[in-house]
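First chain written, first letter: the chains are A, B, C, D and E, and each begins at residue 1.
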Amino acid sequence: MNWQIIDQSLPIFAKAFQLTCWLSLVGIIGSIIVGIISSLIQYFKVPILSQIFTAYVELARNTPLLIQLFFLYYAFPVLGLKMSAETCGIIGLIFLGGAYMAEGFTGGFNGVNTSQINSGKALGMNDLQLARYVVFPQGFALSMPALAANIIFLIKETSIFSVIAIPELTNTALDLIGMYYRSNEYLFVLVVAYAIIMIPVILILSYLEKRVRYGSFGN
Amino acid sequence: MAEEILKVEHLNQFYGDWQALHDINFTLNRGEVLTLLGPSGSGKSTLLRCLNGLENYKSGTIYFEGKKVDPTEKNWQNIRQKIGMVFQSYDLFPNLTVMENILLAPRKVQKRSEVDVKQEATKLLKRVGLEKYVNAYPRELSGGQKQRIAIVRALAMHPEIMLFDEVTASLDPEMVRGILKIMSDLSEKDHMTMIIVTHEMSFAAKIADQVLFLEDGKILEDTPGKEFFTKPKTKRAQEFLDSMNF
Amino acid sequence: MAEEILKVEHLNQFYGDWQALHDINFTLNRGEVLTLLGPSGSGKSTLLRCLNGLENYKSGTIYFEGKKVDPTEKNWQNIRQKIGMVFQSYDLFPNLTVMENILLAPRKVQKRSEVDVKQEATKLLKRVGLEKYVNAYPRELSGGQKQRIAIVRALAMHPEIMLFDEVTASLDPEMVRGILKIMSDLSEKDHMTMIIVTHEMSFAAKIADQVLFLEDGKILEDTPGKEFFTKPKTKRAQEFLDSMNF
Amino acid sequence: KGSSSNNSNSSGSNSNSNSSTVTAIKKRGVLRVAVFGDLPPYGWVNANGKRVGYDVNLARQMAKDMGVKVKFVQVNANNRVDTLNSDKADIILANFTVTPERKDVVDYAKPYMKVSVGVVSPKKAPITKASQLKGKSLIVTKGTTAENYFTKQKNVNLLKFDSKTQQFNAIKNKRAAALADDNSYLYAWVKRNPKYTVGIKSIGPKQYVSPAVKKGNKSLLNWANKEITKLNSKGFFTMDYDQELKPYFGKEVKSSDIVLKQGK
Amino acid sequence: MAHSAINVFLEGNNISRIIGGLWTSVWIAAVSLVLGLALGTILGVLRTLPNKVIRFVLRLYLEFFRIVPTIVLLYLAYYILPRTFHVNWPASWMAVLAFTLWVAAEFSDIVRGAIESVPKSQRESGLALGLNKMQLFRYVLLPQAAKLELPATINLATRVIKTTSLLMMISIMDVVAVGQQIIEANNQQYPNAVFWVYGLIFILYFIIDYPLSAWSKRLTAKHSR
């Protein structure tokens, strides 16, 4: 380990660090929005749309992000649709993440006890009221673990952005290695950088998960 | 005086190929208590659930307050507001406080004013001895307390009729008494029309104005008054009564 | 004749700061039935669990068959082979058939021969009327059937003493009878030493040779014979008995 | 591990790799060569799935002369050094330009090719001077001399890719104003992509391409030096040029632009 | 137009090369899964034991693999292990190593979760029968946990398969690397090959992963009933 090398590389890594955080944040928020919309459409079985979204979820969940990005970045322009690398990255991440989030929320909604739904019905609630007051609050709490796992997963997936020349953390490390051949140092900084992002995220998520779970189910 | 509040004709229900209810017919008058007895699996819960449209029954007609029920989900949503139901598993909404549990349906479904319903809820909570717990969450309550809140929640809707499905079955024996007392009071003081499924025979014998005995989805006996407990007509009912007393 | 099979001295158990058992002392003679009564949360299950080492009790001594028990996990593993226990939740292993459930411990723990144990298992299954179900999986059985298998599973170990923790509490009322009958038989015909926690008062009154009444983790009464049910010494016990009969 | 200092060997590469000595290679019977897999006409895989190209030919010849089989390890520009240091290959024949920085981390044998950085751009908007790149995007491959050169120029926004396939796809998708890489591939590439032109034919210093071995691997280094000399004298490189490169270049490239005269 | 570019698959033996690349991905995924699940089971069991030190160490292990993206793991295994620890296997085995350790980490958490969600009463009735710790795990906890963890395990498998798309980053000739070779080799004749080649790879991954995740979904639905 040569600390001088590490020290010199820090400004470059700092920029990449910001980019990784920013892309992750946008990707995660986008994924949650897409996930909620998609799971709502599936929950209410909106005709046609729900079939489309089911197909989308399966397609996105069962193919690698790398290929999705290659497609967006290299193959789409062939069809005349060109987007910047960052746009491709974010769209790719949201495409993938939205499907994972949709699965998570749908799992949560379906996990709500039928006896809870029955007692809501027995109180005369209509479908919308049932969804609004019974299924969603409890289903959301049930899907917290999946939500947390997905967030962690998506942050890590930003490392794949390096294949479409987005200068995020992994790309930066691999690039520096290619130029200066100090793999040990740069990979070390890379791992530390991910740890700095992930550890607080993991801690906050597990705290939130406990809070929500306790708030909703008391254990 | 004897106004028919509920009338069931030729009700049949299937699960797949399995017929859970066979040609059920009975009537219930306003202010009376019907107890539904029968061994496990005989279809008691299924029947109750048909009576407030939680099951899509296969065929048959239900008349509620003299009107034939059009068995669409939309229509049932209206009727259910007049039918209170309490289940064996105390199904309070775990994410809401006691008061929020009680307010939810009157506010959102019946659109009544908050002040109004709150006042009434407080009165009902006092009546079941739980006024202290307005802001507690279900997780902080014992089973017996939860079940009392579930009854209050149903009563806050001003139901015309209450359905109770083995509401004491999951409770500690000591808790059972309190709940049964509340049900007796509802009948005696409020003249609430009720259908009760229970395994507490002595309680059933005390409260029943009419007894339906079910087996394998069929009504074996439909007896007015308390005669069922002393002189059951069928051998099967006699056996059932015996088995309930060790 | 009265050989002490079990003796408990100054047993204390805590959960965190909360003392679940306070200075428990009692003795039980071979061939006798001890019933453990008390309201919910009084520590009955905790006491039973201490008696076969499922809890690491804080202090106190247990003597089993005259020998002081050294409370290490290793030692308990041996002693547990002589103590059968059946729980409220019918805990058959869902991944094994009825026969496999019964064979597991005699084969793997006691290393007895398969033929031997199988023969015995068949006999026991016949005794509880379930010989047809040898190859069934627990999910195919009703609660009462599962509980009978659980008893057979414990008996196949040739225990010196059986512990029953509210074994009928989750059963349909009609199933309860069969289980209680099996327990009576075990006492009367096999002279099995037993400790029974139950809320079935009339059954308890019939079978008990000795009654312990617990409240808040303390023994309030330790009464030989059936006197407890007719002339309880404490007011609390009287209230308890009242609450159990509606 | 590695101590401080100016000896900028990547830590751990201090061993004189016993698994890549000539004896060890002969004993193994296999020479492991790092080559490109997507850089026609130097190192690539043709439509029949066969590895071909100028570098690949050289690799085959070397293995033949050593009397062993050849095994290819496909690399990208940025992991060439690591591939040696991590013992994934014995020798690099992947258009590995000699630079002072690289000399610190690997040992170069005698050069076998001339090269310098060029810049390709669309004919419609040709880039002919480095100053035209100010404030524009420029595509490079990670770990190339082109990247190195332009990293030192300010005001050029570099888009860095892992592989040649990716970088050429990117320029075709018009993701940048131009692409910089070794001029010889660019010549080959524009011949196949006539809408583009090598607007800057040579920028930065003249450079050479050499085989590289792990730092301290004297045995293989000496062997490689002798081999290059021998092949040079036999005219192998001219032959290799004619066979592998010439068909891909336009008339602006001559054999003498690429192949070294004996001696240097 | 783009249509003619589909003919790129008819050139030479391109199709069989792509399938060959896919096979590389699949066997690496399969071997890693088998080894990773075995190791993960052991680690998962260890994590349910009371020993604090073991639990802490294994937790660190898990968190390391949760924090570091797989792409970085592959680099670490491929470039750092040989130098620093003098482990030098062929690239595909290094990938297997990295994947195995990753799978083991993720699976250990699945196993721990599953064992802990076997009802406490099951553990106790096993103990009450005199089973020792080993027997308890062997006959009671693990078989029941296996059933609980199956859907999550299948999902993990689909993730591993998808992650094999990164193998090309460490010089393994997986389906993506072969695809790039084909795109480059046919660049002139089929300028739109990029669309068809990545499209085919996309479909191939889908064909492998979709049945697995459908299976896992079915199991989950069955569980919750």
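Here is the rule we use: a residue touches a chain if its C-beta (ideal position, glycine included) is under 8 Å from a C-beta of that chain, and two chains touch if they have at least 3 such contacts.
Composition by chain, UniProt nomenclature: A = Amino acid ABC transporter permease component; B, C = Amino acid ABC transporter ATP-binding component; E = Amino acid ABC transporter permease.
Keep in mind it's a predicted model, so treat the numbers as computed, not measured.
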Joint neighbours of chain E and chain D, given as chain labels: A
Smallest number of contact steps required from chain A to reach chain D: 1
Most distant chain from chain B, judged by the mean position of its C-alpha atoms: D
Label of the chain whose CA centroid is most distant from the centroid of chain C: D
Centre distance in Å when chain A and chain C are each reduced to the mean of their C-alpha atoms: 52
Rounded Å distance between chain A and chain B, as computed from the means of their C-alpha atoms: 46
Whole-Å gap between the CA centroids of chain C and chain D: 80
Approximate Å spacing (C-alpha centroids) for the pair chain A, chain E: 19
Contacts with 2+ other chains: residues of chain D: 1, 10-12, 79, 82, 85, 162, 166, 169, 172
Multi-chain contact sites of chain C, meaning residues that touch two or more partners: none
In chain A, residues with contacts to at least two other chains: 74, 162, 174, 183-184
Touching pairs - complete list by chain label: A-B, A-D, A-E, B-C, C-E, D-E
Chain A contact footprint on chain E (complex, rising order): 2, 63, 66-72, 75-76, 79-80, 83-84, 158, 162-166, 176, 192, 194-195, 198-199, 201-202, 205-206, 209-210, 213-214, 220-221, 224
Residues of chain B touching chain C in the complex: 39-40, 172-177, 180, 199-200, 202-203, 240, 243-244, 246
Residues of chain D that touch chain A when the two form their complex: 1-2, 4-5, 8, 10-12, 77-79, 81-82, 85, 101-102, 105, 139, 142-144, 147-148, 151, 159-162, 166, 169-170, 172-175
Residues of chain A touching chain B in the complex: 113, 115-116, 118-127, 129, 133-134, 137-138, 141, 215-219
Touch list for chain A against partner chain D, complex: 1-4, 73-74, 77, 82, 85, 162-165, 167, 171, 174-175, 177-184
